[in-house]
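Okay, so subunit A shows up in both of these, paired with subunit B first and subunit C after.
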Partner chain A sequence: MKWASRIAWTFLILVYLIALAAPWIAPAGYADQFRDHAGESPSARFPLGVDELGRDRLSRLLYGTRVSLFLAPAAATISVGLAFVIGMAAGLATPLLARTLDLFIDLMLSLPTLFLLLIARAMLPLNTSPLSSVLVTFLLMGALGWPAAARVLSGASRALLGSTFLLQARALGCSSGRRLTIQILPNLWPLAMAQFFLLVPIFILAEANLGILGLGVSEPLPSWGSMLSELTNPAAISRAPWILAPAGLLLTVALSFHIAGKQERAFS
Partner chain B sequence: MRSSSILLFFLRLGLGLLIGGFLTLMLVRFAPGFGVDERELDPALSEARRASIRNQAEPVSLWRSYSTYVQGALRGDLGTSSSLNTTVRQLLIDRGPVTASTVAAGLGLAWMIALPLAAFTVVWKACEIPLIAANILLLCLPAGLIAVYFFLIGLPSTGVIAAGVVPKVFVYSRQMLIASEQRPHVLGALARGVHPWRVFWLHRVMPAAPELLALLGVSVTIALGTAIPAEALCGSPGLGQLAWKAAVSRDVAPLLAITWLLTLVAFTANAVGSAIKDSKKAWRE
Partner chain C sequence: MRCFSPFLYAALLAGQALAQTGGELHFALSDDPKTLDPLQVTEEPSDAIRYLTSGMLVRIDRKTFELKPELAESWTVSEGGRRISFTLRSGVRFSDGSRLDAEDVAYTLRRILDPKTQVPAGDQLRPEKGAPVVAVLNPREVSLLLPNPVGGLEALFDAIPILSSRSPLQEKAGLGPFVLSEYKRGAFLLLKRNPNYWKKDEGGRQLPYLDAVRIEIQQNREIEMVRFRRGELHLMSALDVDSFDQLGTSHGAIDAGPTFDSEMVWFNQVSTSPIPAYKKKWFQSAAFRLALSEAVQREDIVKLVYHGRATPAAGPFSPSARPWVDTRLKPPAFDPDGASRRLAAAGFRKESGVLKDSAGNPVEFSLITNSGNRNRARMASLLQQDFQRLGIKLNIVMLDMPSLIERISRGFQYEACLLGLTGTHLDPNDQLNMWLSSSSDHVWNPHQSTPETSWEAEIDRLMREQSSTSDTKKRKPFIDRFQAIVHDQAPIIYLVHPDALVAVSSRLGNAAPSVLRPRLFWNVEQIYLSDGNTAVRNKP
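Our next item is the complex of A and B:
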């Protein structure tokens, strides 16, 4: 399946480059309104049509891609960082501390993350800027998304502790610091990378779910989630099927992350 | 299970619930908008008036508010919903059974689809690629989008929950069944000429039952998470819809109570799954 992984990587790099170039290639700003063209169908000037507020959908999709594609990996980095520290501590600590950390991981796994995100979003003051709201949303995802990865990493750390090469290193008098940096960390790294590739699509989908529910990124800043909220009007889908474009892009990007991550998982 | 381990299980459950509730309250307490009076946002107000509103707000101690909340909860008082003008307790009584039946039906449907499909791909090695592709595709779709589609074609929210759970159950149960393929007792039974279905059922599925029960615990958490978009977008009057309405109208009391309740359900399901898995491990040892 190497060819599938190559296609996925090429597609992801292409989407990232397009998202980076959004200010130069987008036909208009994401908040620019063309009130005379509100609700218009696709044309040469507006390839994906215009929304009900007169904003060019293609421009909003390009800027929205920047928000979703840059902040989801950032949140995943926070989660994997936390999972790395907590998971490794649970795997390598004394039995009592390990049990306590395991209980904490179990508990965090049981917390309904989407409900916690809803609480946090409900608490945001009405005058919060769109940028702050999006940063808070992704920061929370990063802070709450680590338990599954931590459980995997703690299990792997425990398995490493019983490995023959680590026992041999210990018998040869290798210090614990050296064992950690030379033996344990490099062996856990591919697993952490695999968890990163699993978390990115999860966060993209969580933001999309919040957006569809009208609790995602505040207007006028676009994201895939906020653009998908247009789909809650069933009549609009049959009247203007091109509003499904963000859903198509989201599906393809999430799929690409899964395929790219599969290679990492196979490696780990 | 011995009485000491049962006691330990309930102790762990109680502790988990207390910590879970505290974490939820801490999140609320340190959320960026906590303590901001909506009146402060009025642009017509002078800076002095805003400062006086801010000074009127009493500082709330995290510990005190948590202990008050827990004491109230123990008496059955979970606060009042400001947007719906009803006690949270009454809302939970009205809407809890709807979510319970939706989630139970969704879970049942998901397991009835995912497990036979996983067995089908493992035993017959047929339709592997299309089934795996369909599952990955489902994994990449937001539950909200599936809910919109189901609503459009007139299917109930149960289907949305099943669609959210199926890919995970399929992937993990398939991995479990594949892992059991090369076990010595399975190879031995096949070499002796035992019928492949008998081998599959008695030597692969039955020994994996504790792991499958643990997976059932995890799938409860997934199903509860999917219930929000499913109920909100399909118009099912359950706890998911209540949570969404409360979030939109910035009504924190019902959200806190629902999160606490669902943490209890998910933690219990996960703990029971893990306890069964651990007891089997101990029995083997």
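Our next item is the complex of A and C:
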């Protein structure tokens, strides 16, 4: 399956490059309204057609890709960072502290993340700019998305503690710090990377869910989620199938991350 | 063509000749009725059941907006609008067979006027001071004397169901065309024909034509649409524009014309609200509000958001509210240059594309609206672009409804709000709560102990004057003056009045959609089901 991983990586890099180049290659600004062309089908001027408010869909898709593809990995980094620290502590700490941390992880796992996000969005200052609000949204996703990864990492840490190579190192007089840096961290790293690749598509989809609820990225800033909200009208899909483009891109990117992550998991 | 033609009644009469008896009408409600007690109705599903099962003394004709006799064959208003006397129709029986007489009407009126019961149906009749007197003059005549005159007194009886004072079935003994037969919560309500219903058609045939009405509880509008297309449902009310376009006029979609509903924007003018003082100063400036109203392209909202199925709004009354709307007032014309001049005269100036007030503060504010409403999200985006032309930065914030209500009614932590107002009644008193400065529904600045501006004091006076006069001709000048003040001060920027979009099966005869609720089954006793080929449709 190495070839599949290569294709996935190539596709992801290509999408990232295109998204980075959005200000130069987008035919129009993401907020520009061409009201006389509202709802038009794809044409040479508007390759993906025009939305109901007269905005060029291709331009919005390019800018929306930047939002979703850059912020989801950032949020995943926060989550995996937190999961790494808390999970490893839960796996390696004294029994009492380990039990407390496990309880904390379980508690966080049971929280309804979507509702917490909705509450947090409702508490944001009203004049928060669209960019700030999307940054806060992804920051919250990152801060709330770590418990599942932490559970995996704490389990792996415990398994490492009982491994023969770590016992041998201890018997040879290797210090705790050295065992952590030389033997534990390198063994947990591939697992953390795999968790990262799992979380990226999850966060992309979470933002899309918030967008469909109308609580994602604020107008006029586009994101895949806000663009997917057009799909809540099934009649529009049969009338204008090109509005499926963000869904297709999201699906392909999520699949690519999954394949790339699978390779990481295979290594781990 | 948006409204029904005057030939409607000719068609209705023709429909009566062709009408077939029997069959079961099917339609859906989005929620279970909260109550089956007709006096406690506060929401649409309960109102639908009340309309189908209860009898009223008078009814507002949903097409002509004229008051028509029902259980009362005549009535008189006297003593300057303080007294109303009804003469009841003879031979009317409740669904349990018991006879209707003046004691029943008196019993109902006493129940709704009792301040202890707080029956919603009597809200507008219960006086703040003094006690109303209900008197039975004879078995067919009853009168009500109020301490003060009430505007549009007789029309209020369109929403007061008459109950039996003697029936052991109590409020279950109805005077409407149908009686509740079966109710499975969350699934359906089955209403059967009332065998004792008093109405007959022109040919002397017993009404209603239908045997039963089955009301499904269906929250998913997509499923409702699919079932309508399959012919499993015969009516659909409150279609959104996308569903309306999807269905098409050739498949039963009907535009009944502009509703009494309004989509509107208002600014937070509460003096104690936790927003910066300089922003309050903007919002309290009529010039600022009027300039923003002029900057709105209402025609674009009609075209892009409602696909042409709405009307630009000039004020609180839609063009359908014919007796009350002041047709001399037009929606503010889109005039960005005029808006800029007005703002400049009020001390605002544009620097590098950014509008600033006289103290140099850039004009930026947030607009909250409820999430999940596609039309409002689209309108907010259009407003954002329209205001940007003036150099104003508008931040759109979507909030879930409870958070939004909390902000606009208790914490006042908001700057501007985009919401809709649902107009359920034609009479201006329906909007009284919104316009009285002391009211909790006076959205831009509620609960004022004394009016904070002279124009709000004037609106208070006009609304009170009109509500204490029963003669429509005498009330109209007050309402016109009120509309002129709202037009000149723009405490609310009215955007559009959406059309009433409904769907009616081709199997239904005598269906005549109206903009006034209930839009589709207001003449349910005359509606009939055909085999699909012979129905008379009263299309525009």
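In this text, the second predicted complex is superposed on the first by the 266 of 268 C-alpha atoms of A that agree within 3 Å, B and C clash if a C-alpha of one lies under 4 Å from a C-alpha of the other, contacts with A are read in each partner's own complex, and residues count from 1 in each chain.
Note that in this section a contact is a pair of C-beta atoms (placed from the backbone, for glycine too) under 8 Å apart; a residue touches a chain by one contact, two chains touch by 3 or more.
Note that the structure is predicted; figures quoted are calculated from it, not measured.
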item	value
Subunit A as common anchor, with subunit B and subunit C clashing or fitting	clash
First (subunit B), second (subunit C), both or neither touched by A:Pro234	both
First (subunit B), second (subunit C), both or neither touched by A:Ala149	neither
Partner chain in contact with A:Asn127 - subunit B first, subunit C second, else both or neither	both
Contacts of A:Leu118 with subunit B and subunit C, given as first, second, both or neither	both
Dominant contact partner of subunit A by residue count, subunit C or subunit B	B
Partner chain(s) touched by A:Leu188 [first = subunit B, second = subunit C, both, neither]	neither
Touched partner set for A:Leu12, first subunit B, second subunit C, both or neither	neither
First, second, both or neither for A:Leu53, with subunit B first and subunit C second	second
Which superposed partner A:Leu82 touches (first subunit B, second subunit C, both, neither)	neither
Partner chain(s) touched by A:Ala38 [first = subunit B, second = subunit C, both, neither]	second
Residues of subunit A at both interfaces, subunit B in one complex, subunit C in the other	118, 121-122, 124, 126-128, 213-215, 232, 234
Complex contact set, residues of subunit A against subunit C	31, 33, 35, 38, 52-54, 118, 121-122, 124, 126-130, 213-215, 218-220, 229, 232-236
Sites on subunit C touched by subunit A in the complex	222, 242-243, 245-246, 297, 300, 303-305, 364-366, 368, 371-374, 377-378, 380-382, 384-385, 395-400, 403, 413-415
Complex interface listing, subunit A residues touching subunit B	103-104, 106-116, 118-128, 132, 136, 201, 205, 208-209, 211-215, 225, 228, 231-232, 234, 237, 247, 250-251, 254-255, 258
In the complex, subunit B residues that touch subunit A	12, 15-16, 19-20, 23-24, 27-28, 31-34, 36, 38, 41, 136-137, 139-145, 147-148, 151-152, 218, 221, 224-225, 228-229, 232-233, 243-244, 246-248, 250-252, 255-256, 258-259, 262-263, 266-267, 270-271, 274
